[in-house]
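You will see chain A twice below: alongside chain B first, and alongside chain C after that.
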Partner chain A sequence: MNNKKATRGIASLLLALASIVYVSPLFIILFNSFKSRTYINLKPFSLPNSETWVGLENYIAGIDDYGFLDSVGWTLMITVGSVLAILLFCSMFAWFITRAKAWYSRLLFMLCIFSMVVPFQMVMFTLSKTADTLRLNTPWGIIIIYLGFGAGLAVFLFCGFVKSIPLEIEEAATIDGCGPISTFFRIVLPIMQPAYITVGILQTMWIWNDFLLPYLVLDQRHYKTISMVIQMMRGSFGRVDMGAIMACLVMAVIPMIVFYLAAQKHIIEGVAAGAVKG
Partner chain B sequence: MASISVRHVYKTYPGDVTAVKDCNLEIADKEFLILVGPSGCGKSTTLRMIAGLEEISEGEIYIGDRLINNVPAKDRDIAMVFQNYALYPHMTVYKNMGFALEMRKTPMDEIDRRVREAAKILDIEHLLDRKPKALSGGQRQRVALGRAMVRNPAVFLLDEPLSNLDAKLRASMRTELTKLHKKLGTTFVYVTHDQVEAMTMGDRIVVMHNGVVQQVDTPQKLYDAPCNVFVAGFIGSPQMNFLDAVLNKDGKGWYVEMNGDRLYIPEAKATEGLNAYVGRGIKLGVRPEDIYDDEAFASANPDWTLDVSIDVSEPMGSEVFLYLHYGESTLTARVSPRTTSKAGDRLSVAIDMSRVHLFDAESEDAILN
Partner chain C sequence: MDKTLQRYFPVFVIPTLAAFAIGFLGPFFMGLWLSFCEFTTVQNATFVGFANYIKAFADSTFLYSLGFTALFAITSLVIINVVAFMLAMALTKKLAGTNIFRTIFFMPNLIGGIVLGYIWQLILNGILAHYGVALAINAVYGFWGLIVLVCWQQIGYMMIIYIAGLQAIPGELKEAADMDGASGRKRLFRITIPMMMPSITICTFLTITNGFKLFDQNLALTAGEPARSTEMLALNIFNTFYGRVGFEGVGQAKAVLFFILVVAIGMIQLRITRTREVQQ
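Right after this comes the complex of A and B.
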């Protein structure tokens, strides 16, 4: 009994330490964002004190001098648009290829899986050239590109979930008077809620934080995402505004943390519970 | 008018797998018809073709006078209850039951009236606001029935609806379904692999095997006069005993002979058709309740006795099953609970030859019932 308690105590201690190591960068960024630029470089790990404290100065600089709010708007628009497109089109696609027992269903599924294997670096230059040619270098155009890159993982996850939905539920809907479209939107889509949340969280975090794709594709004279703005704060000639960078990083990460905390409890919830025998 | 006519229907899957072969059924209006058979016999496929969930490879299906081969499932005026209930998990019981009417743009007050009426009949009024996950198996089963009922369909199709319930609940739901059929006065087509359900609920039973309809008849006629060895073995529990024998005739009349024993067939039972089988191998079919271990019956019918030994005795309370060793075969006898026979005994049992069945050894078709 005592041995068991001791083992649990040691495990808790180790996990607590791991958690501290894991979240410490966030806290370092947070308290550095309230310190003056000089002290961020000199004493990056010390807490703010009366000497180093600058209040919201770094936040105001980030917003006023670097157009941070505009970038938040563009990032939000790209993220929401891309995630909605991925959720809608990929779930419909996954439902179709799982249910339609056609010869090409397996082929399409394998193509989606294959797209996950291809490294982004392999296609990025041709992609940016193609995006320019096809005028996809706008926040609206990049949504299509994100749809393509996000489809692999999304289709893979959705297909797995669709397979777990009993076919009889859809057959019951057919007898009740649903066509394919109404079966999808009125029956399948609500049942797939946990899969939507899982895919939604993964894709949102990826697209919100992504730097390389918008950097390569977007017309930077008009559109910048948060990652691009923060990168540009490094400026030319080696000038780095660490205060503004810290403040913007905090502002960039807060929406993701809130979103994740709000959505994560739904991932494990099984909405399909009770549909069939059990 | 909700009769169903299935005419020369085939179902062939890719790879030339034929699930249903030349199925012909005439189901009368308001009839309770049971499709029964072992797994993979084509009973569910036949039901699904009637429902419109499977395409018909060949043949025609009529509901009333209407050919429904190309009519979508939603327009066939049928309702189906699935084996696993197939309730919509994100909807309440009320929404589940009213969904089909909602899809047909029925006015809300009419939906409400019909849902509450069905809920009252099924005694699930207190569950209307719950979601399926908050229901027990039996309650889900009632909701699935209610969902079918609110539509007032011409035909109810039920695909093994009781197989997920425990034995006690299954027995009570059997009775309730029978009552419901009488109350609704609608045609029911019911698929099951459980012969107790088949025997107790149906007006008529269709026995299927390997995609072929073997026999369509009332439960008692199926039991008393099976058309072949498969039906004879499938209907009845414990199943019919089969013995390889030779049919012959002497001065005393027709007899079957096996292991040197002769069992004489009563003159009244013998038919002209037996002449074609003189000296030929046949299968003798004997129901367990037609084997008697009491001496009075054996001494009254000395031409019907066999010497056996008892392998196992299973007292069931209301009856005793004796597993008898005879030659190379094992026979099951259903005898009185007051029997004194016990495992290890050697005794003479008598077979009621007025109730035996004879089958052709090759085609396995019935020769004499």
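Right after this comes the complex of A and C.
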């Protein structure tokens, strides 16, 4: 018995070591963000000391020179707007095509599944041209594109959930005089809460971090997302300010870590539930 | 009920369907058509038949990136799934600290591909600098750098799926195996892995398609350097579209081929693992 206890102790210890190695990249970025830019590439693994410490200088540079805070605002607006649109419209869509036994119900469902497997490169050029033509190249317009693009996974997961709701509940509502709209909003929507959480989390993780779609669709003179700003800091010609990059990487990671720690239970359950789609 | 409901088609279906048509269906079919055309904008397209496809296959960078991507996808598939499975086994044994470990291993998944790429560029270049080299010097460094990056990103995600699968295995099966005196090894190969096939199907499907579709991480970590030798398929298509004027049609033809490849690989993979799933 003692032997078994020792093995379990060693296993825990090994996992603890692996965890430390696993989070270390984030800490390396964090302490480099407080170092003077010339020392970052030179000695990335040494902690800041009195010679290399520059306080918040890099953060100020990132915010002032690259408009980082604006990009946080736009990313937040696009993510929240798109996720809300996807949750509302795709759940309505999914409920309708599951309940209405029309010839097109199956077809619409299959089209949604199909869109999930198509790689983005297949549509990226024509999509960016369409977005320009229809003037969807703004943070408001891009919400429509995210609704269309997110529909595949969302409709699939919502349909699976709707099928598990007993039909009798909705029939009782109809007998009591509810039309389809009030049946959906007063009966179905509250029951679907777990599905809203799963879909909302999966779509948030995708849209917040997405790079190529906003890069190709948005009018870059006016609107940039976080990923776009970071890519441009590095990709643009001329001087590369490593200090500002480190600070922006830290500022990009923190909101997601906060979101994760706050909603961890739902996120992990959402991932496990969403994966059953295979 | 059904007839009344169907009159509400515009309210329930039109918003999503319209966005789906603008964001996906329209661009998809337009892209399919344009792969047979020569164009620089969508308006000036002229039909050229299979010319773009012929040019795509004659492009050595395209074939190279296909090979590089395939090697990458398979390597990452094996490493991610083996490590994630082992972690999931360790984290379902009620060890001290399990919740903290699970939290930490999943965390990198919340970080976007571009940010991940720059985090690892700093770290890998810092390590390689000790040996007087850098990521952009040799494709081998870029390849393994990308592997390290996607492992760090995806192991936690797959681990969560495997943990859910392991927890769904009925306890009676393990007890029965214990009573029959099955060794740990036998239990793993005769009970755990067969019972886990649905989870393995999902995780291998996700990792192989993620591997083939990888873009952000590739762009941020190596951008194809040195000399396009770490350029993966998605980046190769992007560079064809936006790197050379007059090659938009070739880019679109490559994109169609890429789409067919991803669908085919997904289907083959599902068929292989699905047939190994046990019926309950």
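Some notes on this structure:
As a working rule, the second predicted complex is superposed on the first by the 236 of 278 C-alpha atoms of A that agree within 3 Å, B and C clash if a C-alpha of one lies under 4 Å from a C-alpha of the other, contacts with A are read in each partner's own complex, and residues count from 1 in each chain.
Note that in this section a contact is a pair of C-beta atoms (placed from the backbone, for glycine too) under 8 Å apart; a residue touches a chain by one contact, two chains touch by 3 or more.
Being a predicted model, the structure only gives us computed values, none of them experimental.
Of the two partner chains, chain B is the only one that A:Pro190 touches; chain C does not reach it. After overlaying the two complexes on the shared chain, residue contacts for A:Pro44 are found with chain C alone; chain B is out of touch.
Of the two partner chains, chain B and chain C are each touched by A:Glu171. Look at A:Arg99: by the touch rule set out above, it reaches chain C but stays clear of chain B. By the touch criterion defined above, A:Phe156 reaches neither chain B nor chain C. Contact with chain C, but none with chain B, is seen for A:Met205 once the two complexes are overlaid on the shared chain. More residues of chain A lie in contact with C than with the other chain of the pair chain B and chain C. Overlaid on A, the two complexes show chain B and chain C touching the same residues of chain A, namely 171, 174, 271-272, 275-278. On the side of chain A, the complex with chain C involves touching residues 8-9, 11-12, 15-16, 18-19, 22-23, 25-26, 28-29, 32, 40-41, 44-45, 85, 89-90, 92-93, 95-97, 99-102, 108, 111-112, 115, 117-127, 129-130, 134, 136, 144-149, 151-152, 155, 171, 174, 179-181, 184, 205, 208-212, 226-227, 230-231, 234-235, 245-246, 249, 252-253, 256-257, 259-261, 264, 267-268, 271-272, 275-278. Across the complex, chain A meets chain B through its residues 166, 168-169, 171-178, 182, 187, 190-191, 193, 271-278. Only residues 51-53, 72-74, 78-80, 82-90, 99-100, 103-104, 131-135, 137, 140, 147, 164 of chain B touch chain A when the two sit together in their complex. Taken together, the chain C residues at the contact with chain A in this complex read 1-2, 4-6, 8-9, 11-13, 15-17, 19-28, 30-31, 34, 41-42, 90-91, 93, 95-97, 100-115, 118-120, 122-123, 125-126, 152, 157, 160-161, 163-164, 198, 201-203, 205-206, 209, 212-213, 215-216, 219-220, 223, 234, 237-238, 241, 248, 251-252, 254-256, 258-259, 262-263, 266, 270.
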